[in-house]
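Supplied in structure tokens, the structure appears directly below.
For clarity, chains are labelled A, B, C and D in written order, and residue numbers in each chain start from 1.
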Amino acid sequence: MTTYPPFGAGLWHFASYLDRYATDGYAPPTTTLEQIALAGSVGELSFVDVNYPFTDGVTVDQVKAALAENGLEAIGVTPEIYMRKYSKGAFTNPDPAVRAEAIAFLNEAADVVRALGARYLKVWPGQDGWDYPFQVNHGEQWRLAVDGMREVAQANSDIKIVIEYKPREPRNKMFWDSAAKTALGIKAMGVDNVGVLLDFGHALYGGESPAAAAQLLIDHGLLWGMDVNDNLRGWDDDMMVGTVHPVELFEYFYTLRENGWEGVWQLDQFPFREDTVETAKLSIRFLKHVYRALDVLDVDALRAAQARQDALGAQKVVQDALFGTIGEGE
Amino acid sequence: MTTYPPFGAGLWHFASYLDRYATDGYAPPTTTLEQIALAGSVGELSFVDVNYPFTDGVTVDQVKAALAENGLEAIGVTPEIYMRKYSKGAFTNPDPAVRAEAIAFLNEAADVVRALGARYLKVWPGQDGWDYPFQVNHGEQWRLAVDGMREVAQANSDIKIVIEYKPREPRNKMFWDSAAKTALGIKAMGVDNVGVLLDFGHALYGGESPAAAAQLLIDHGLLWGMDVNDNLRGWDDDMMVGTVHPVELFEYFYTLRENGWEGVWQLDQFPFREDTVETAKLSIRFLKHVYRALDVLDVDALRAAQARQDALGAQKVVQDALFGTIGEGE
Amino acid sequence: MTTYPPFGAGLWHFASYLDRYATDGYAPPTTTLEQIALAGSVGELSFVDVNYPFTDGVTVDQVKAALAENGLEAIGVTPEIYMRKYSKGAFTNPDPAVRAEAIAFLNEAADVVRALGARYLKVWPGQDGWDYPFQVNHGEQWRLAVDGMREVAQANSDIKIVIEYKPREPRNKMFWDSAAKTALGIKAMGVDNVGVLLDFGHALYGGESPAAAAQLLIDHGLLWGMDVNDNLRGWDDDMMVGTVHPVELFEYFYTLRENGWEGVWQLDQFPFREDTVETAKLSIRFLKHVYRALDVLDVDALRAAQARQDALGAQKVVQDALFGTIGEGE
Amino acid sequence: MTTYPPFGAGLWHFASYLDRYATDGYAPPTTTLEQIALAGSVGELSFVDVNYPFTDGVTVDQVKAALAENGLEAIGVTPEIYMRKYSKGAFTNPDPAVRAEAIAFLNEAADVVRALGARYLKVWPGQDGWDYPFQVNHGEQWRLAVDGMREVAQANSDIKIVIEYKPREPRNKMFWDSAAKTALGIKAMGVDNVGVLLDFGHALYGGESPAAAAQLLIDHGLLWGMDVNDNLRGWDDDMMVGTVHPVELFEYFYTLRENGWEGVWQLDQFPFREDTVETAKLSIRFLKHVYRALDVLDVDALRAAQARQDALGAQKVVQDALFGTIGEGE
């Protein structure tokens, strides 16, 4: 019987969603504690990444208790530095007072990391960037983005921080937009407690190969977390994993295994119109298939094909493993 | 002194916005009446396209009065068939009861068209489409989309209906997604009171040439309304007009003029982080520049260049007109 | 034992290729007769689509003989109306003399269709379109494109003509760029011997759902041929089928089967750096897997899920069929 | 009277082109010496970037003489490491013999840099990358790409080398694909004679802001050369500069000026269907307009707007400068 890796999900997977059109929300809102209960009801999740602040009135102790009750651990804490106050950026906000608030809030979130015993503070500065040509001084953005993150890192040297990069949305362009730029910025910080959380879909719609992005980050010692989902390659659709790009997903997990990367296989999905628990279940079913496919993959043949850049040879063994019954016709 | 065409805007230009991250909104909410007052304060707008339903408690009579007070007319009414109830579609919702509600609601909105003396009912079925491969039966979607629109058209044969197509968002794929598909669907309806509202940005990020889309719709007798904005060609960013694609914008308005199309030059922009009134003013300033540039454009030279597919000849006269001082260096 | 549909390929699948950089070609050139022999050596192909003119000195009789010898039939003939002479278009060339030459050449190609007993003349006007804003009069392009095709159709009313649409390349924008626009243009021709050849990859990178495009064309009685390949959704990469988008490919063939569409499953691939015969073999192996997966697909469950727009329900049965061993973990 | 910066062009701007369809070429071929004469005839060019090897039989001395005769200097030499031999890569070719040949050839090209007194060896490894998921080991690609470039740099420590990055084409994905990744790789080389040539269009269609890419490279001391063109944001169309994205072009040159970057304003365009000399002339006319617009730009107001992230304020002064007559309506 297969022993699978631990699975996880962003707690927001079990929230409801708004957008600029359906302003009444795709479903009734849920509280942090309800979301934890829903995550628990999936039955396959070991970890959640917890938004902070919690919904109204919920305390850290309640969250802690709810996690324990549902057999879950907090893998990370995600401070919401993308609300109205930060609409022109958290680290790179033009207003120094807002930047100071952002950093104070991140320090507060770091305390929640400590309280929950989470592995990292996840920082996704979705509003840091620009919308229009000429709107910002790009040199100044770099300085503010790098200096601000360094400041948070140095103030919290006992915990790990991961940056989740993304090409765009909600800003038309995000500052931390690719694996290479994030690695370059982290090097410029000169600290050792900042790494990267790699989102499969962000790499994909940003025009990266997610597998190549993973390898680059691993080779720079920076791949400290990751999550998966899917999209149509033009936007962060946060669809169910495996429904559009199963082959690149398989390459992604192959790359992680080849490098001995061991970590949580997390979901970052937004089931706008779907049952959130059932979406998680179906997604994990697919991830298990991927995991078993890695077990039967002819790795020697694949390595040999790659050494020749032999696309046909590589695809054949990949198809044999991923599309289990493909060989039956022969 | 130049006499400009009438300018207009979607009333939502003066609203505030949410998205899936900044769920507290980019600015405090405004009422329908406040939005009308803001539109009036632009000082250059003659028309607005009015969302329906109005914000809480506002009546048609109040809207009518507010429009008059602010020197505005309603060019169209846009029923909000993209809220939670319609999250799986209005016309193509899998639930016949929801489809019936949608049609009843559209008929109600048609009454508002009549009450306000507007030119058309604008139908933008943003939730009609699909998210995932295999999610829908595409033949059935066509039938429901076409039949439903015909039903609304026949029930309201005294008013005009315009469909605003868009490639995607909020659905991952929208059913009415291009000029040609919309024209094809309208022909299949067999009615004469359905046309198209062409959004410049929708054409652009859908991979169309907005000018070619306009020409196609004019040649099919279907261009009954239009609005403009800008984007980065990958999403409906609804940015200020002229800030990214001024040349294609100029070609678009050139095409309208060449065809003798006379209508309102409308804005469909979402100034998430900007002052809504100032955004409208700066946009209209740019549209006036475009209008004057059309006046000085050497149309004969341009036609002659087009007759040869002479890109250089065409661009030269276009640049002379649009970038007014470009000839000074010679 | 499964009886598969007939397989086919563009004869160019067995050619060598140039591009604007590797002007010495990715492999030594091959003659038409050598290409036929290579196609024959795949051992699974029943049909080829034949470029015209043939390589130097090869005659129709030689082609006929070679096809017979290799157990192949010509499904179509593809005239090369995209060489230097036609670089500003065949049907829409600004020079009437070139347009006349194009039509004469197409009539000549129609004779080859007759001589080879092929099913259709395939017309892919890759140079008909535009590169720059303002380069063409879009109304004039429509007239020339539609009138020219009608003229060819009327002059050859005994044979079928299929238009292969494509969003772009080699022109920055192609005139026939989507299923809907092509259907609209064909209707305007008022002839009954023009249909569409749908290329899976063209639909995909044009932002269409290939399955939805197929359904639309079937519902308009216009899907007369099709071919498959794959790409990264931003360009016509003409990669091996199934290597990137197997799920949408499966949906495409499901749609064909649901509609009782029976035709040749053709390959349109450009193996720039790969062995052309082995590429065809691996591709057909994948297509056979798809065909068998359709046999085991729980169609009733899928239809029921689609009737509810139930993405989870649909994906589950699709994954069960396509990823044969996915259920093993349960 | 305005003193403009020196202008330059890739010598290929004056060549003719093939693609995979128009294999007979868009125009008759020209020799290296003819291309130099054409470049000279533009009358505004001071520099050319010279492809190597030269066309058949042309010697370095002939090139030197022809450049002098036409009032041109070689700014760089571009070795053609993208022909058939290198179709699976130059630096990252799976065959060590081909890699050795590539490096020997680059060393030979470095001698041409010395002979022509050019400023740099320009290295554009267009075939280094991958086409298919699973085709390469991404860690190995990084090692080969970085080690090979270091080897060339160390063997030619007396000359400068610039890497021109590009997202894709001819490979489906290129290894050196963004400003940040190239900077990261150069840092890993540990040499001081490798920098970057930034192509405006490559940044644009790769989803970068060209201005932000320029700033990042300047801040890392790596912007050693640049060229411009335009495209439709989905492919490297190499269109005439200013015809699609004049605003982002203006931001790009503004960023260069703000940083005191002084260098040659080069064209990298492929006028497939246009007169090559006239294309260069019209392009330089536009660049002169941009240069003069920078002279009249209200830089203080722009900086102040950027300090507030005030998109409206920034766009207003930008429009005043770029669209010279826009203020006339007020």
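Odds and ends about this structure:
Everything below uses one rule, namely that a contact is a pair of C-beta atoms (placed from the backbone, for glycine too) under 8 Å apart; a residue touches a chain by one contact, two chains touch by 3 or more.
What you see is a predicted model, and the numbers here were worked out from it, not measured in a lab.
The most distant chain from chain B is D, comparing centres defined as mean Cα coordinates. Interface comparison, B-C versus A-C: the higher count of C-beta contacts falls to B-C. Rounded to a whole number, the gap between the C-alpha centres of chain B and chain C is 35 angstrom. Spacing of chain A relative to chain C, judged by their CA centroids, is 39 angstrom.
Along chain B, residues 88, 131-133, 173, 207, 232, 234, 240, 243-244, 247-248, 273, 309, 311, 315 each make contact with two or more other chains. By the touch criterion stated above, chain D contacts chain A in their complex at residues 88-89, 94, 130-142, 167, 173, 177-178, 180-181, 183-184, 187, 206-207, 209, 211-212, 215-216, 218-220, 247-248, 250-251, 254-255, 259, 302-303, 305-311, 314-315, 318.
On chain D, the positions that touch chain B within their shared complex are 2, 207, 232-234, 240, 242-248, 273-275, 278-279, 282, 285-286, 288-289, 292-293, 309, 311-312, 315-316, 319, 322-326, 328-330. Against chain C, in their complex, chain D makes its touches with residues 17-27, 80, 82-84, 87-88, 126-127, 131-133, 168-170, 172-173, 232, 234-235, 237, 239-240, 243-244, 270, 272-273.
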